[in-house]
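You will see chain A twice below: alongside chain B first, and alongside chain C after that.
Moving on, here comes the complex of A and B:
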């Protein structure tokens, strides 16, 4: 993909860091997050609770004003840096250019005013409209959002509406000034599945009807698959993986993404007795390892993951797949996870850790102690030996030898054929 | 909208009945005490005793006694104080009520305006020295006993510095009816107003600040900020408007109990012939009919104010409106 894309992205976030100071300690919440959203694109921001999704959105909106919170980085939106704007400039942008929808429509409206009053208020804050004009527009918006009897609904109080209606009203309010970017912070979490589907449908249609880009924050992979063009997986305040949704779901590159996908019940095939779960819990912000934050829970931890954070990916161009720690090819896809362990655990062997190795399509496997001790691996891999491994057939390129011919710390394999997985031996 | 108000009115009448029965029972149906002797006063002649017994029906069953008492209080209004040589009690209260009402209303205006101002400013500057100073001032206001403050103010304005330019305008203690001289009324009351308001300013500003700070952390405030509204508008139209619900209910209760005689100390200190002072005198001379009447008057105000607060709720909080 060429580096000079024809139109610059609508929002280009670079190296966003959010941290706060507590008892003299600086606690990082979001670290070096970079992403971009193009015109009319829907970007999904996925992660567990506490991974920093909402904080990212709040930082972009300039809504974090708690004392001791430090936001750094760069967020170019339509030519201006969001993080460097004054309060007044930011206010003019909020609600007009960037609008936000919140998770819980039950508490997001001021309880003492009617829905219509609150939408009018936003309209009149940014446009010079008379009361009557504002109300006409409000009713129109509510109607477009699929609210039945919009003129009457506008005169109702938030508590008189159902959750779905409230979220529609929320979206209507967010869209009232035709924002170019809509940040939706878990817009469907508090809703039941049918309403959720309707709301998602509504959001997908926004880009054609309103030309809006959407930053969709969610922890629901299903929502992402259904809605987003591209996806950014966040783990413990750091980007784990980014790419187009299609690509990311088909070939997850980061073990965390793969594990997340693996924990979704399969729609076809035999029903698993237990869904795979990721053991452990995300680290507390202060206890994040220096290396890959996921390393303590990862089955594929490699020595090179531990000492330093994963290499920051070069921003070549938008939509290019830039995994944080995995090879470009040779995929630890969810289905490959279990057999991989099985295959390699039968005998003294190399612990499978697919590691990025330069630009070649080869994989480095870390050896476990037994293998390192020279007892052999995969029936004594020799140079030019072919081995069946997850993801295809591999040819041993070389061993990483260390002190003595019999022992090695790693082996390097080259994929020679992408075939079916061998049955677990 | 009308039905809940009517229903509330019905409840009010019921509560008033309960209170009147209770007060009646305490004063007139206590076993072992003869209400006749108490009403007639100390060392009354047997003829007077007989007259009182007949008049109040103390030789008849309790419900009849209660009915007679209520009739005397509310219908014929000829309940008379024997301790005070036949002074009619109800007109006496009616004369005292405007004084109390003037005192409390003026103080209420001061304390509402000041506490809203202080609470909002403190919440807006949360954590700064302005916030701390205002809240400290509020705490001082709460801690000062009103009778002490009144006496000190009297000492300064009436005595020590009365002849200086600063306080030469202060009239002597007492009350000037509004109809007689609006200016005199204002001058006579302005110091008692301030003294009475001091404690309430402290309480209300602290409560309002706490409420506002809590509300500013709510989701809907975040929404309001995301809409791009100005901080002032968010604080006043969204924050303060929501916080007013608690504020109004508190205000209703305090206002009612003050009008009902709770401003007793202020009235006594400043020599204002209000209901509180009347109660104080009645208690001093153990004037049963007067006590009965002032307690009933106070109860009526508290219950009515309660009903008014509930009515105000209906306007302030749409959620309450639908609950009925």
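Moving on, here comes the complex of A and C:
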């Protein structure tokens, strides 16, 4: 377990931006991402599909070479900036210092050579070893990864091995040159639950036996909780929250993290009749809102969430929790939000669509008991939905309310539209 | 080569000819894992959903009229919480979760009694997965459906099912009420499975994972098919295959030495 030592982090990524150009439009994929990984630390990079997890890893490895791609920021790794290296310098580093494990070990291996041949090749590319020495090391590595009968397995082709064995061989290959950093992109997603447990066990042991740091990319919060020291939650290409895994799971500060954890069906305790799902879907990169990317789906949206993106991390101090969520005046932090208590408007009805900025309209709300009992919470009202159907399309309009206005059970609010409005559906 | 019997609503359907089976299929429909591959990319949603109605007839043997079809489709869109405008659009215009809603709508077009859902949520992100699991639960309640819900995620299984059958290498090893099977598992495999699920709790007790991997179905192990990986294996397990035996009301296990609590 890494301790709070002042030693510089192994990898320090600052303001990483990746964008593609398509039909003259710049499509931001990853925006202003900053994080760092310490020696022997396992950092979990979590997010839904399309949130930019894999693109981040590929950018760090210098593996994105699509035309029109633009990578900026810097990634300091052992005194050099990974993003500024030439192809030749990067090749010397890749495999030796930074290695990668992919989700699908079947496609990551060449089907036409044996597993052993492929691991030998990587060893001999980076170290001056004879064929025999390389093979001895390969067999040794496979054995350490828990491959039964490693000498014979090394002579087999990828298709002859099971998924779990292939993944072990993949990890053996990645570790062959004793890399300081291992990037594992969804290493267990394609595996059975029981085999996944074996591989996670192996990953946890790596840092003590090999001294490697691991960047573990996954979408499974369970995998993160079991494996990672710290966690970075990505949403729509932007960092939502980062911190030690323990804190982040115990007290999620960003509404997205909280909602994500809440939407996982529990394995113990009473079965909820309905799961607290997050309405809607993550926005497409081109359709990201100008404000907080999560605002359209967030239960706690505040006026300040809309106009500008959340203040990005000025400098990421290690192990300090930094949710990228706007400060909300007079609102408790989301960890104190129990969703049921804070769903202020159960059934907003007669919600008109604002058609232009500067106009006004009135809204009528019916409030639930929790709100009726509270004081001064009007700022939290969310005239955000047009359709009342459960799971229906939710649309954030805007919010504006005066503290203490209106009565408790039914409230009429005059809405003043300011700033840019989201387009009507 | 297959043997055995499939009985649906008191009728043996194992060897029925296609001609008789086809009208029966109105009552059993399926939802697949890959929401994109299961929708024809060249046809509009409305067209896709209307097809079962064009193929099948009403209970009194008449054809569905375009009017009734249109009406039914709108009803379905409401049922799965999609806008009516979706009927005019193509599958690629929807997100994974929305496409799965469309697949569910298509399975429900003919008001089936049984829906077989093969890993319907495993390709979805967690936040969207919760929406679809809720939808399945709502529909079950409002339409009185029976599901065969195939999944590998035990947490999802626990959320949605009344009874659970755990399969290993082609056979059911444990069968019973959800809470019994998942909280008091009797088969060593079920026990290992419940322990192996990564839980979103930091510092949760970890158990030693099962050794080895699922053997090839081509040459299954002798005796109990789990004996090669079983932590409590005994000599009898290697020679004699256990049968599914009742160990408690509504709880059956295929193991010589079930763990009883």
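Following the convention adopted for this analysis, the second predicted complex is superposed on the first by the 317 of 425 C-alpha atoms of A that agree within 3 Å, B and C clash if a C-alpha of one lies under 4 Å from a C-alpha of the other, contacts with A are read in each partner's own complex, and residues count from 1 in each chain.
As a working rule, a residue touches a chain if its C-beta (ideal position, glycine included) is under 8 Å from a C-beta of that chain, and two chains touch if they have at least 3 such contacts.
None of these values were measured; they are calculated from a predicted model.
J.: Going by the contact rule set out at the top, does A:157 touch chain B (first), chain C (second), both, or neither?
T.: In the superposed model, A:157 contacts chain B only, not chain C.
J.: Quick check on the superposed pair: does A:263 touch chain B, chain C, both, or neither? Answer first, second, both or neither.
T.: So A:263 only meets chain C here.
J.: Looking at chain A, which partner touches more of its residues: chain C or chain B?
T.: Touching more of chain A: C.
J.: Quick check for you: in the superposed arrangement, does A:200 touch first (chain B), second (chain C), both or neither?
T.: Touch partner of A:200: chain C, not chain B.
J.: Please indicate which partner A:66 is in contact with in the superposed arrangement: first for chain B, second for chain C, both, or neither.
T.: neither
J.: Which chain A residues qualify as touching chain B in the complex?
T.: 61, 63, 67, 91-96, 99-100, 102, 104, 107-114, 121-122, 125-126, 157, 159-160, 170, 173
J.: Residue numbers of chain A touching chain C in their complex, please.
T.: Interface residues on chain A, with respect to chain C: 48-49, 162-165, 192-198, 200-201, 219-227, 245-246, 249-250, 259-261, 263-268, 271-279, 281-282, 389-393.
J.: For the complex, give me every residue of chain B touching chain A.
T.: Contacts found on chain B: 127, 218-220, 222-230, 233, 237-238, 241-242, 245, 316-319, 322.
J.: Hey, which residues of chain C end up touching chain A in the complex?
T.: Contacts found on chain C: 78, 81, 83, 95-98, 125-131, 133-135, 137-138, 152, 154-156, 158-159, 182-183, 192-204, 206, 209-211, 213-214, 229.
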